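Before any comments, here is the structure.
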Amino acid sequence: MTRVNPELAKELEKFGAKSATVCFNCGNCTAVCPLSNNSTPFPRRIIRYLQLGLEERLLGRMEPWLCYYCGECSQTCPRQADPGELMMATRRYLTTRYDWTGLSKRLYTSKVWEVFCVGILFFATLAVIYLFHGPIVTDHTKLETFAPADIVHPTGYVFGAVLAFFLLSNVYRMHKFIMRSGERVNAPLSLYFSELGTLAVHFATQAKLRLCTNKSFWIKHWLLMSGYTAAFILVNVDLVTRWSLTDSPPPAWHPAKILWTYATIAMLYATTVAIIGRLRKREPIHKYSHSTDWMFLILLWFTVFTGLLVRIFMQFDLPLPTYYTFAVHLALAVPLLGLEVPFTKWSHLAYRPFALYFERVRERALQLQQPPQEEEA
Amino acid sequence: MTERTKIGVYVCHCGGNISDYVDVEKVVDSVKDLPNVAVARHFVFMCSEAGQQLIKDDIKNLGLDGVVVASCSPHLHEKTFRDAAKAAGLNPYLLEHVCIREHSSWVHSDNREGATRKATWIVKTAIAKISLARELQPIRLDVEREAIVIGGGIAGLRCAIDLARAGSTVHLIESSPFLGGRVPQIYKLYPSGKSGCEIVEELIDEIKRYPNIKIYTNAEILSAGGAIGDFKVTVKVNPRYVGKVSDDVIAKCPVEVPDEFNYGLTKRKAIYKREHSYPDIPVIDMDACTKCGECNPDFDQQPQTIELKGSLIVLATGFKPYEPEEGEFGYKVHDGVITLPVFERLLALSDGKLEYNGKEVRDIAFIYCVGSRNEEHEYCSRYCCVATLNASLGALEKFDGLRAYHIYRDIRAYGKYETYYEEAGKKKMLFIKYDPEEPPVVEKSGNKLIVRVKDLLTAGEELEVPVDLVVLSVGMLPEMSEVFTMLRVPFSRDGFLQEVHPKLRPVETAIGGVLLAGACQGPKDTVEATASASAAVAKADTYLVKGYAELEPFIAEIDPEKCDGCEECVGECPTSAISIKDGKAVVNEALCKGCGACGGVCPTKAINLRGYYYDQLEKMIDSVGGD
Amino acid sequence: MTRKILIFAADMAYRALDQAGLLHVHYSPNTVIIRIPCASMLRPDLILHAFQSGFDAVFVASSGPDCPFMGQECVGKTAKRIEKAYELLDEHGIDRNRLVVAGVCSTCVETILGTVERLEEVVGE
Amino acid sequence: MPEGYDALVVGGGIAGMEASLTLGDAGFDVLLVEKEPSIGGHMIQLSKVFPTTDCAGCITTPKMAATGKHPKIKLLTYSEVEGIEKTGKKFRVRILKKPRYVDENACIGCGRCEQACPVLIPKEWEYGLIGRKAAYIPFEMATPKKALIDLDNCIMCGRCERACPKEAINFLQEPEEIEVEVKAVIIATGYNLFSPEKKKEYGYTGNLTVIHTSANPNIIHGMQMERLLAPSRPYHALVRPGDGKVPERVAWVLCTGSRDKSVGNPLCSRVCCMYSIKQALLYSSAVPFGEAAIYYMDIRAFGKGFEEFYNMVRELGVEFIKGKVAKIESRNGNPVIIAENTETGEIMEEEYDMVVLAIGLLSNPEAVKALGVELDQYGFVAQPQENSNPAVTDKEGIFVAGTATCPKDIPDTVAEASAAAAQCIAYLEEVGS
Amino acid sequence: MAEEAKKAKKELTVKKLREKGVKPREEVIEKSKEQRKIIKQITGCLESGPKTIPEIAAEVKMPVGIVTWYVMSMFKYGQVVPDEEVDGYYKYKLPVKKEESE
């Protein structure tokens, strides 16, 4: 017996799930969804849990992470209940439930908090740069001198470690929720290792999205994803090779540089298209924008854009613009990474493959548990 | 008598309905050479314009003296073909319509040969019958512009107004002391959003404008009978025991009893009246009255027996809500389980906050299909889905912070009413679909009621819904009346009154001149009830406005040559239509209803029933018996 | 030669026969239907006539208490006719079982099916 | 001085015929204007009608005949009301009578012109399932049964004119403006059908003579199925339009274009549940070994005898699946239905020989435009006193019946048509002559 | 005979209409030519014996849906008649020409 809880739907309204009770459970969304199948049917099942307030069920499901918001469900919904947006809101909600710090919930449910946090990090970064930057050489662009690697890199390591800690601890909580739901499972540790491949593949390709009927979503998403991943790797590689901050930048044909260019263009294109889309509100995915969606897009766009500007100014050997833009670039990148990666939108990148991974582990574990039960029967 | 020898026989294919199983050609072949037959044909749709033309042309060109049409049931199209024959100049009663569809092709679709043989037999009996048929004339009856409407609810009111507007005198009979019926009890009606009181008050205001509407409230029907053009209804108008008095006088009454209008949610005095109703005179409830005399009563008033006559009777007796059994969804077992009509009153009476039995209501569960769509009452009561949605929306609008759960089977918010369903969703109400095999269970837990239900939309999740009030969306049952038996109106399978045909003659009953209006025919909402009331008036007007009715000529006929005045028939006649004059029996044509019982007992075979002469029946038997 | 059952169908019974058609149920096609307003009009000699004319069985389908002409009274009146008809059958040595009377309401399709089936058995023997 | 009538009835479907006959029987002079070349409306196209399953033609044809020959009813077919103006207590009505290019008085409906005509055009009355000629009789049971020429699709070869035995064909006919004076008006303009092409996910083909690759001719709509099942059906047997095969598995898709805001119609069409259940029953008796499945959201069997009918059909083995069909794909020419069975949570992918889209009923605002009455937001005629007097409109002396006010079934339509007639009679009696 | 001759002489109203400058649409003329070709093909194909619709379609090399439409239209105008049913498909054949003409 489960008690219905209409409060949950009210709670979820804060995350953008405004139309859950408008749904009359016709099942159109689930059948039209290219990603939904009989073992993981959604969005209707998730919406139904949402309507009835079956919190435990909701927490234990990984389906929200399978949804890539292609919008077909919302386009064809006979009640215009916008199932795609409901799934999105559910992901926001789940993100806050996975997050133990409570920051995520604050960011999602309070615009003041969101702006405040971004502002703090932005200005704190600027302050740090102001306090700790190296000598400013004005006759020639010397970025490495302005931002000495021995300061930048350790700071980066620490920052990365903190982010990883928050994110992974949240993933651990997600793991608990998923494994706890439904039938009890005791997955042996070996399974976690043998299924690591699933995690890697899904992380790298986000392949599920390709099943969406509208292929351009996958392409855009993949551009963004690959650009981001490339940039992420390059930044890390850079920490070792220090090629980007060096005062004599490598030539244009340098493979790392080509990759950077790709990452920049890909991300800039995808975010620009997304921003225009949200302004036009033509596709269902762009119809409703949560404040965090805007914040994410704006931060990302400006981060990439300022990164590009730094590169251009360096190319033209304009020392001061380079330094200032670099400072702004960092001031944007810190809140972008610091807030988005563990607490809001960027965390989806981790939760999606992890959800599939945990589900796969759970499935395998259940299979392992199965045979003796059958014999009993 | 001389036999008719130029009979035309017409066999209908009914576009395959008949011809798929009955070999119509073979039927035609086997009768076309019979001595009395001049022509035999088959055609795809005899009832169509072209089919009728075929008959008419043959009557004119071949000089037919009799026609047999074999097609669907005569209940459907006998009149159609008789009119066609008449138009071609043939006496319409020289046309016999027999049924080879319902009585042959459809019941013997498993046996084509048998179906064809039976159809041939049926056609042969019809030929035999027509060969001895006499020309008959319909009985033309002058119809006075006077009608009786039984029931003073919304349908009866609509009827009375429309009849009166078209110039007829109307006798409106209502059994309770006030007009209005059940509609005034409704908080807000869909789709207009007006209160039931308001709608009925408008109608009552209109009623008052027509002096040709005579109203009898508190009236009991003692007897009803007669036939079209000449119905008689005797009513006993019970006394009100009081005249028009002021509200102060009513307030003086020391007795308080539960007010049935509000289902006992409030109390009324022994002397009471209804707001927005008619008449504006109170009535004393003698069961409760202590005869204290405070209200200036007149206990000497006696019931009045009035005999009313009318050319037609419209039955607008309405419905009653289903009363759940004790324990059905916790009804009468747990405090807080009520029916929808009670909830309507609760909504209308509550102000500020919704309370039931002194307890504030925050969460409400509506359970649908109570007393409908089950073994006992198989039918769907039609109005309850929308009425429940509408009531829940009204409740949420009137009281802040209510939460509603709809526990349903199918939401039948048909037509434009779908918007109510959608609106309920927008107002964040929850819908839980239950399986009739595993209906919800209502339990008490602390000061809450718990509805336990298995939700089909989560593939059977067992849910617990804690609420303060459970509202049972009860169906409609026909309101029974003695008058049904007095008039011998047939019922349909669902227990409501039966119309002749839902599409061809939707407001007529098998009893000529008795019409149906509103929910006595089946569950209806106010829109449908008033429409059907007007429809009954339309049918009535075709007689009343025109001023006459034509009746079938099938009445008893006495051969004075053979009659020896034995009086056997006199006692046999159920309508006392036969008397003895000068040693011979005579039939009063206005009273004879044409059962033929007299013929069945006449020892000298002096009595025949027109249209069913015994020589015809004998020949019909012979036409197949010797086959 | 085909066995033949004659059905005298009074008003309500005729409607029941219509109803049977609407429901597309099946019964023996060895039946002939003669429509009459009310079973009380049947003279006993007419029933005898049917047997003499070649019918193997007669089913008087009366309206029963639903009779639109006289209601409940119909049952008694019809019974009187049938009683006399039985006497006539006995006089002429015709098996009483070959004559059946039943009250058939407008939706009593089952009564028709049952009675026809029973008569089929009787005449089949 | 224009001709005068007591009442004008606009629309010659079942509602218009019923209203006209009631008025005529009560002794009033009626002018019935129908825009199509024959009266009969949608009902004459139906197979059988629920819940009694008597054939629609058996009820409609005699009504058509009675209307056609009623001494008090004057029939104007192929005519449209162009404008209406109230002067004093009367309405002055302008009617446009479109040219049939056939002299109605001379034509005997023999059909020789149709045989002679060489052009084939999708036949509207059969919803394009077969062709008709440019010179044609609208349908077998048409009233009046007179030919007409579709000049837009005519090649002007003159064969029809040569074939006509009565010299009835006259290509020089012109549209005719008729003015009449009436005391009251009844609107019985009926409904429009939802165009299933609009629901793109369902792959319906609008024109069977040009079949697009994305569309499947074995996906038909409810009215086409009515035609396939009707006694006067276009084909010789129940076969599917894609290749003439007897369909062994048929599915019905309820709420096609109803209760669906994604195609702009949030309303329920009231009849589709029942007509689909009825079609499934008729299909089961036509193809006894066939399998029938109905995909529904809610079964709305609310009328008298409907629930009983639904139960009967369910017991006969017709499968009922709760779930809105999301899309219909094609596999080897067979439609494949994709839907979630919401009672089990299972996503179904079922292949059928034929799929019937149970299309809904929409308003027909074009037909009432000339009458100037108020419409509601959905284009139906507004009923200002719906609870107590549903037949009146916002204009005094103008009444409304049938599906002009919202979708409804035949019993409700007939009742409302009579109700409108009653209001009309009461009004006429009050206005006096 | 005399009457027919009289009729032939009488000027057709369709000619008068053409004289007034009303012309049939080009695409209708094209379409009707194509139709006659298709009908001729189907008729020709049935001369060798009864065939099902898919068989006809294969022979005349046209989409089976369109062939269905033509065969059914031809059936309605009496140009083909259905024959026996084999495995769910009816065969169609040309009608037997009646000896005597009406």
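Each chain gets a letter, A, B, C, D and E, in the order it is written, and its residues are counted from 1.
Note that in this section a residue touches a chain if its C-beta (ideal position, glycine included) is under 8 Å from a C-beta of that chain, and two chains touch if they have at least 3 such contacts.
Model, not experiment: these values are computed from the prediction.
A.B. asks: Which chains sit in contact with both members of the pair chain A and chain B?
C.D. replies: In this structure, the chains that contact chain B and also chain A are D.
A.B. asks: Which chains sit in contact with both members of the pair chain A and chain E?
C.D. replies: Of all the chains present, those in contact with both chain A and chain E are D.
A.B. asks: From the C-alpha centres, identify the chain that is farthest from chain A.
C.D. replies: With centres defined by C-alpha atoms, farthest from chain A sits C.
A.B. asks: Relative to the centroid of every protein C-alpha atom displayed, which chain's own C-alpha centroid is closest?
C.D. replies: If one averages C-alpha positions chain by chain, the most central is D.
A.B. asks: At what distance in angstrom does the C-alpha mean of chain D lie from that of chain C?
C.D. replies: Computed from C-alpha means, the inter-chain centre distance equals 44 Å.
A.B. asks: So the centre of each chain is just the mean of its C-alpha atoms; given that, what is the distance between chain A and chain D in Å?
C.D. replies: So the centre of chain A lies 54 Å away from the centre of chain D.
A.B. asks: Quick one: chain B and chain E, Cα centre-to-centre, how many Å?
C.D. replies: Result: the chain centres lie 53 Å from each other.
A.B. asks: Mind pulling the residue numbers of chain C that touch at least two other chains?
C.D. replies: 22, 24
A.B. asks: Give me the residues of chain D that touch two or more other chains.
C.D. replies: Residue numbers touching two or more other chains: 52, 54, 259, 322, 342, 345.
A.B. asks: For chain B, which residues are shared contacts with two or more other chains?
C.D. replies: Residues 411, 422, 433, 457-458, 492-493.
A.B. asks: Can you work out from the touch definition every pair of chains that touches here?
C.D. replies: Listed in label order, the chain pairs in contact are A-B, A-D, B-C, B-D, C-D, D-E.
A.B. asks: Using the touch rule from the top, collect the residues of chain C that touch chain B in their complex.
C.D. replies: Chain C reaches chain B through residues 2, 4, 6, 11-12, 14-15, 17-22, 24-38, 40-43, 46, 49-50, 53-55, 66-71, 73-74, 77, 80-81, 105-107.
A.B. asks: Which chain B residues qualify as touching chain C in the complex?
C.D. replies: 73-75, 99, 101-104, 106-111, 114-115, 117-118, 121-122, 125, 485, 488, 490, 492-493, 498, 510-511, 554, 572, 574, 593-597, 599-602, 605, 609, 612, 614, 617-618, 620-622, 624-627
A.B. asks: Can you tell me which positions in chain D touch chain A when the two form their complex?
C.D. replies: Contacts found on chain D: 201, 255, 259-262, 297, 322-327, 338-342, 345-348.
A.B. asks: Help me check something: in the complex, which residues belonging to chain D touch chain C?
C.D. replies: 52-54, 285
A.B. asks: In their complex, what parts of chain C are in touch with chain D?
C.D. replies: Residues 22, 24 of chain C touch chain D in their complex.
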